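One chain, subunit A, appears in both complexes that follow, with subunit B as partner in the first and subunit C in the second.
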Partner chain A sequence: MTDQDVTGLPPLRADLVIEYPFIRTTGPVVGAFLTGLREAVLVGIRRADGTVMVPPVEYDPVTSEPLSEVVEVSSTGTIVSWTWVDPPRPGSPWDTPHGLALVLLDGADTPLLHGVLVDSPDQVATGLRVEAVWKSERVGHITDLVGFAPVARDTLEGS
Partner chain B sequence: MTDTPLPDEVGEGPPIHLPPSISDVEPVLSVRTPIRLEYDFIPSAAAQQYLRAYASKRILGNRSPVDGAVFVPPRGVDPRNGVVAAEMVDLVDRGHVGSFCVTHLPIPGRKDLPVPYVSAWIHLDGADIGFLGLVAGCAAADVRIGMRVRAVWKPDAELGATAENVLHWEPTGEPDVPVAEAGNRAWALKQAATGGGDGA
Partner chain C sequence: MGGERTAVLGVGQTHYRSTRGDVSMAGLVREAAMRALADAGLGWSDIDAVVIGKAPDFFEGLMMPELYLADALGCVGKPILRVHTAGSVGGSTALVATSLIQGRIHRRVLTLGFEKQSESNATWALSLPQPFSVSINAGAGGYFSPIMRQYMVRSGAPELVGCMVAFKDRQHALSNPYAHLRQHDLTFDQVVEAPMLWDPIRFSETCPSSDGACAMVLGDEAAGDASPRPVAWVHGTAMRSEANNFPGRDEVNPQASRDCAADVFRQAGISDPRREIDVVEMYVPFSWFEPIWLESLGFAERDRGWRMVEEGATRLDGGDLPVNCSGGVLSSNPIGASGMIRFAEASLQVRGLAGDHQVDGARMALGHAYGGGAQYFAMWVVGADKP
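Then we have the complex of A and B:
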């Protein structure tokens, strides 16, 4: 479409922002997870086969049955997969380089995605035992959980 | 038309059983999840030409090489036929209301847009699709399909290569376009008269 490039001027451009101030109603299941975060407790939901999903979901992902038994799981778990984020993304909950990991909490059968609070990727490993680090003032939001920090001298192999 | 039976009651699902640690505390019922997207917008070649003309109160459209339909704003293509539409045409800043919506809920952060406001598809004379704008200069309740309107431009000193040059569209007082010939119906009628195919 060079025939339309008739001005010979530098291209127009604009810095635009789209922003929506959503407030979302949670329902009882997601609400229970957020209530747990505010109380510094991690919860999941039990499926018919006895396994526990964290975070809890409202319907069984295989059978589609409604799920209703919210159960508490441990605030300690094991890293099953991870990556390193440097620099942190704009708008990220973290303002320093950090790990991002799938953490299988004790008592859970699915891993939770969250930050790993260490200084370098040398300090993260699959199998590393970690525990939740909470904000002192919590409101019922995923950022009530600051992230996971290594449990001192406690690895999967050594535990 | 078939009747869709209403459910006898809204399904609520099974009662949720909570562990002791969270069963006696005030439950969280809602969560703030704002989203924000920052991006650089660089208009297409056709849109650049359109915006520069718009800054001097000219409204450009594109004419389809297939059936002559005029699109505004110009996108440089006829999206119905998947062909380049390079021909630019000048349109007038007058037309009629093809369809409209009266909004009574304010948009957060838009104090310049008091409710109720009327957004409308303005069908410019000579164009075959609507052009989005605000209708003002009359009561919201008086806006109607087919009402003739003209552009109220910003003062010349405030014009720029943006989509914001027309403050709103105001009634001209001319007789209405009949509803049966207004908006997208106009194109359908034109196509029927010439034995053409799909609508714009």
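Then we have the complex of A and C:
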């Protein structure tokens, strides 16, 4: 290992920043999901066996058959599992300590990973009922969904 | 060439367009894959593995396509591999897939290349600044133009040979329903009068930016024998690479190109390519690369390739060695697929399934791709008969 270049001086470092605003063509299925977000509605896709995947995918993950039956699911669901993040990591969408949870929305058969907006880990639990928190100005992007918050207290009984 | 005999059982292409705004990348590759399976008379359960290629990740910003596209390509429970060799990737992807058959690892393999240029900017991606070299922001055209001029000077080629290649390929494209550029009213004078982009290359002598995908189903000898439609048999496969800058490098006729051609023709038992090959699909993104590669591949003597163009030898109508009957890269350029399109079109010719751009009686065809700074080469020879 050397810390000098041929001139006897320390080698310089060169900054290299590469950026480009790529476009993503969403196609009909992911496009429907994004359109739903704009309307504050969550949608999934129904598979041949009747199960519903959220977010929707274009091709069945088991049979590879094309999927096209977009179905609305509830904005309320149940936490399947969770973790706590304190302090928030650099680049996190949230600037305060928060949970990350797999949320099984009512009407869905696959859980969605998203933030849980509470103040302490004491307020998160497997089985907790949560509901979507939306931005007021929505554009049809995944960030339209801010995260999930516990639903009204009375639904927590027995959790 | 050793190992298991390998057959092209099916070919599938999307229509090549500047923008396919109706489909995601998954939808795009799916379209080509379904057509290849239909051509082969097979379904997903018949496929043992998938080999996918695309251009460098910066070209459309899709990292790890093998993860995102696995379900669209029926890969559940199967291996998927990604191949990466710049612009030649479509060719080398097909050859990696072929090697899995030749090595008797798999019996039927789906191979596919794609690009969605509408989601990015290839010239930007080809011009990424580096701290140790000047960024000319000219993409491939600016890089290759001095090399094409070097060819013109040393061969003494007349100035308009490039325009003749471009006009020929655009005319060929009119016979290919999948081609991107289908300029029915184009005249030779319009090609000549087009604006100069990178002297000596006019706008009319460059490839378009295309969205599209191309897929092939390859099979072993038993699969080829059982196929309901004519198949193409692989007679030779070769890949070579070299650095893009070293003392004594011949940029016009790279050693890697000559070695690759010699290897693929030796495997196919071909000693006089001009006589023994019936049709060629070669990678010509800028017009002058047709005469350049005609020489490098051994179809013409050094400095004589341009005469074949001038004499019309490479034309579909009347030429003795038609080149790029599909319209070539000059008419459709979804970069990550462009090499595979060459290989697929060569296969369609010897299967007799090339439609309106079929060369009558084609029995042996060369598919050719190059990439990087003319550093990566991939070629195959396919025939109507078993090797």
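To be clear about the criterion, the second predicted complex is superposed on the first by the 133 of 159 C-alpha atoms of A that agree within 3 Å, B and C clash if a C-alpha of one lies under 4 Å from a C-alpha of the other, contacts with A are read in each partner's own complex, and residues count from 1 in each chain.
Following the convention adopted for this analysis, contacts are C-beta pairs under 8 Å (C-beta built on N, C-alpha and C of every residue); 3 or more make two chains touch, one makes a residue touch a chain.
Please read these numbers as outputs of a predicted model, since none were measured by experiment.
Residue contacts after overlaying the shared chain place A:Pro87 against neither subunit B nor subunit C. With both structures placed on the common chain, the touch criterion links A:Thr35 to subunit B but leaves subunit C unconnected. In the superposed model, A:His141 makes contact with subunit B only, not with subunit C. When the two structures are aligned on the shared chain, A:Gly127 is found in touch with neither subunit B nor subunit C.
In the superposed model, A:Thr26 lies in contact with both subunit B and subunit C.
When both complexes are overlaid on chain A, the residue A:Pro11 reaches subunit B alone and has no touch with subunit C.
Looking at the superposition, the partner that touches the larger set of subunit A residues, subunit B or subunit C, turns out to be B. Once chain A of one complex is fitted onto chain A of the other, the partner contacts of A:Pro61 are limited to subunit C, with no touch recorded for subunit B. In the superposition on chain A, contact of A:Val70 is made with subunit B only, not with subunit C. Put simply, subunit A uses residues 14-16, 18, 20, 22-26, 28-30, 58, 66 to touch subunit B in one complex and subunit C in the other. Those residues of subunit A whose C-beta lies close enough to touch subunit B in the complex are 1-7, 9, 11-26, 28-32, 34-36, 38-39, 41, 43, 58, 66, 68-72, 90-91, 140-141. Looking at the complex, you find that subunit B touches subunit A at residues 13-19, 21-22, 25-46, 48-49, 51-52, 76, 84, 86, 88, 108-109, 161-162.
Interface residues of subunit C, counted against subunit A in their complex, comprise 20-27, 30, 44, 58, 60-61, 71-76, 116, 118-121, 124-125, 128-132. Against subunit C, in their complex, subunit A makes its touches with residues 14-16, 18, 20, 22-30, 57-64, 66.
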